[in-house]
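We just call them A, B and C in the order they show up, numbering each chain from 1.
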Amino acid sequence: MAMLTYIEAINEGLRDEMRLDPTVFLLGEDIGAYGGAFKATKGLLEEFGADRVIDTVLAEGAIIGAATGSALAGLKPVAEMQFSDFVSNGFNQLVNVTAKYHYRNFIPVPMVVRLPSGGGIRGGPFHSANTEAWFFHTPGLKLVAPSTPYDAKGLIRAAIREPNPVLYFEYKYLYRHIKSEVPDGDYEVPIGAADIKRTGSDITVITYGTGVHWSLEAAETLSREGVEVEVLDLRTLMPFDRKAVLSSVEKTGKVLIVHEANLTGGVGAELSAFIGAEAFRHLDAPVRRLASPDTPVPYAPPLEDAFLPNAQKTAEALRSLAAY
Amino acid sequence: MAKIDVIMPQLGESLTEGTIIKWHKKPGDKVKKDETLLEISTDKVDSEIPSPTTGVVTRLLFAEQATVAVREVIAEIDTDASAKAESGPPAAKPSPAKGSKPAASVPAAPQPATPAPSPSPAASSPSPADAAKGRFYSPLVLNIARTEGIPMQELETVPGTGEGGRVSKKDLQAYLVARKSGGQMPAPGPAFGGAPPPPPEHSPAPAAPRIESMLKPVDGGELAKKFPQPGHEIRQMSNILMKMSEHMVRSVHTSPHVFAVHECDMTNVDMVRRRNAGAFQKREGFKLTYTPFICDAIVRAIKEFPLVNSQVEGDKIVIKKFINLGMAVASENGLIVPVIKNAEEKNFVGIARAINDLATRARTKRLTPSDIEGGSFTVTNYGVFGTMVGLPIINQPQVAILGTGSIEKRAVVIDDAIAIRSMAYFTLAFDHRILDGALGGSFMEAVVRNLESYDRNQVV
Amino acid sequence: MATRVTTNKKSPPAGGRTRGSAGPAAAARTPNGSLAKSDLLALYRYMVLMREFEDTIIRLYTQGKIVGGAYTGNGNEATAVGSAYALSDGDYLFPMHRDMGAHFVRGQSVDNLMLMHLARKGSLTEGRDGTGHYTDRDLRIFGNISHLGAMLPVACGIGLAVKLRKERNVVMTYIGDGGSNVGEVHESLAMASAMRLPLVLVIENNQYAYSTPVSRQFIVERLSSRAAGYGIPGKTVDGTDVLAVYHACREAVARARAMRGPSIVESVTMRMHGHAAHDNAWYVPPKELAAWKRKDPIARFEKVLTGKGVLTAAMKKQLVAELRSGIEKSAAAALDLPYPPAEDALRGVFFEPPAR
């Protein structure tokens, strides 16, 4: 057991898998000597050399395509997008080449793309995006979004071992904000398994990533007000844990979905539709969503603060749902 | 012609309906005042309902097995008519129901003199019009109502605390808890189960949702595949059993149970009982049993250790100044736990009379819901089944239950001599959240002392 | 880093899957790259096969038997065949839609390509995709997708794997004059050159991107001159001359195999028909077409071979008859096969490892 920050847990997960499997290698912009824009790959070049921690040209399409090609050739690439925002430059590769490869050719593409996501770091419209919804809609990609150091390490390991392409959404705001015990040994957090981060009987919050922390804080507030909130951390967005969602909804009858990504057409929209279709009889209130409004992420602090959900907004949404 | 309406009685404050089990009279029959007219069932209690007047039954408005809201007219008695079956529809009723297939065809019969205090309509089954009343019910609330057999008209009366007065899941669950507490409590099956919990008086069980999920309906077809006949038999759990499951599990989840078993020498009690048996029966009209001795001993011990007569509310302990002693009684419906109210005010004979009254009425199905409400401590006698030592489960929200084992003659050592004595093992199961072994043991010592210290020559 | 490319575990299609059934695989070549007589005949055979196969595809299309469109490469035979012929065993091919001859050169069977075009059960993609949009890992053929240039980054990835594993294989890929403007082409050349990946990019300049002439696509005289921007060699060859294409590609392949980095070979030719079978190419001036018609790659090579005494009229007649009969048989067999069953549509979005 070691106390690790979220980003240290990612680093350790990468390191552990690279030690375990010689076909695992990393590629991306500034990930080698510089250690990554956020230092997620710090120290890995020194341990594994330039053939396994590869600094690439600044070309996201080529990075993702090269990951796909090397995966087809039998390697296990982990590509880093310097910011999740920049994955749009590699969008065609992901959605048309990578995602459709197995369906068209029955050839697995074992690769991971890491996407430093989210706001709260004063990054403005091009360094703060949450892009999961673009890919949530794309058959053939698995999407994971850890919220804790434990999950971050367990999921990066599971993602690397997964025979299908995995987009690994990691949260810049959490990188150094949270620290927790992480086992030293070999463990993985299975893809497709949600986690109840807090049990409660009155309302279910379904969330992931930064939303988990807002929700946990809000749940404590609500608990003092006599409302017990269950916080279900999806951890995997695609394929999401339908069973866990349904069983929590059946238990509480009220659902708030919280995510940092924009509201319209987000993951929450699908969850909401799914719950409406599959758990209608168990609903005691309309499924509600708390998400960022449908604008780009603004830059100036008061604007970004207004834009982002947080624990207070989550608590308010929960109160309103509790009163329904 | 004077016509008297017979209404569905409200057998308990929170009760809203009753089911007609059996009509003892049919139209045209003569009935005397207080003569049994019908039997009804509210949850678990079966009660015989006496006729409010003498006369001739002119109409029965509901068939047997019909569930009817309280205060609804269920029959009419003509106080003037002679014993002749209705020759025509009673004047007051423009369109009497034909036969006894009632519910849907029952004409609304409000009594002009007594405007209905409840907004519930007369019809007992939901109609399309109900949906148009404008009150919104969530899918979950409707689902619970359907599962619990709550008709729309009753649902309309459930108070809502949600947005705009909406009935929320919590409202309905609280209502159901209250509704059930108005009726006979479920009896525990096995003797070891202890007494079933009386309804919480003020706070509905917060753990209800969890318990509810324990007893999810299982697909019978699937089950039949898994456990095929003839090697298996699959039975639907009755409401009584389900409630028992829920209450027992809740109790075990709520209270860390600790058990203290004490041995009690009942020889003196036995002696007093036998010596007084004849005179007592002559004077009181019923048999003198061990039970009043034990109850009396418990009541006196509770006065010494009032903490066992309490309940836990959050971080507070609510100590009851009254002693409402619940007492498990075997009936054909299973175990029922009628409550001796204010036992602390009663002397030995008072307690004995209360016990006899409750036991008799339990056997004859004349217990009222209030008879089983509000217990603050419970005693369960599994000794009658030959059980020597039992480990009963606390009757929530109480914090202790005392179980009595069989009374048997055993060789015991008294002053280094072997003697033959009537012995019994008593078990106190208590809630270690607030009671510790010292207190539990002391309380039990007091009970035992109270019983062993009877003077053989005492007249009761 | 020692994992070999594993084979594509698939049962062979019912129509049979004979590798290179329509001709021999790349024949023995002299060490200096000059071609033996058998090589010349093989080149000729692949070019004729490509044209005969595609003519059949067009016929099947007009008969309503082809699913979707029919994209063929009349005029591109020398480019497709000459380039692929420069590869050796173990090399990788990323062909485009006018490179049917390259598939054949690298060992793909007529049967498999017929099944692909007819979207039959047992095709390499089990009917999920058509034309040359397939990947055959045994043959190391990674077919294109409709997005032009999209496979170039993937080709870089294969090249990267080759380099990391210190293998000696080459990745050959293609782009058209129109597709050469796609961003991923630039990204891939930037990456391949910076990393010195063993890549050969053949730019097939066939004058039209769908209906848009090259004059509206770029203003450089030669697309190969773009190579200078990456610091890599770029050469423009007559794309109607199979030997010129072959030799230029041979040079580029040798450079790649020596791990000296990528090259561009621009092969200039003409698309002798519309973008696809539905397009009559009305926008192409007849004069222009007539001029290119005189430079038909197959006729041109025939002249060379006849002049050298390698090919006779009888040999040609026999070859064409043999190829046609094989293609006809293959088409008939494929047409007899059913489409994949509807329930198959939902299968295979993800790879599911067999349960342990």
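Everything below uses one rule, namely that a residue touches a chain if its C-beta (ideal position, glycine included) is under 8 Å from a C-beta of that chain, and two chains touch if they have at least 3 such contacts.
The model shown is predicted, which means the values in this text are computed figures rather than measured ones.
**Q** Which one of the chains is farthest from chain B, going by Cα centres?
**A** C
**Q** When you average C-alpha coordinates per chain, which one falls nearest the overall C-alpha average? Tell me, please.
**A** A
**Q** How many angstrom lie between the CA centroids of chain B and chain C, rounded to a whole number?
**A** Here chain B and chain C have centroids separated by 86 Å.
**Q** Just curious, how far off is chain B from chain A if you go by their C-alpha centres, in Å?
**A** Computed from C-alpha means, the inter-chain centre distance equals 54 Å.
**Q** Could you state the distance in Å from the CA-based centre of chain A to that of chain C?
**A** 40
**Q** Would you please write down the residue numbers of chain C that are in contact with two or more other chains?
**A** none
**Q** List the residues on chain A that touch chain C in their complex, please.
**A** Its residues touching chain C are 22-23, 25, 27, 51-52, 54, 56-57, 59-75, 77, 92-93, 96-97, 100-109, 139-140, 142, 163-164.
**Q** Going by the contact rule set out above, which residues of chain C touch chain A in the complex?
**A** 1-6, 8-10, 124-126, 128-129, 133-135, 137, 142, 145, 147, 150-162, 164, 183-184, 186-188, 190-191, 194-195, 348-351, 353
**Q** Provide the residue numbers of chain B that touch chain A in the complex, in ascending order.
**A** 138-143, 162-163, 166, 168-170, 209-210, 213
**Q** Considering the complex alone, what residue numbers of chain A touch chain B?
**A** 201-202, 250-254, 280-285, 323-324
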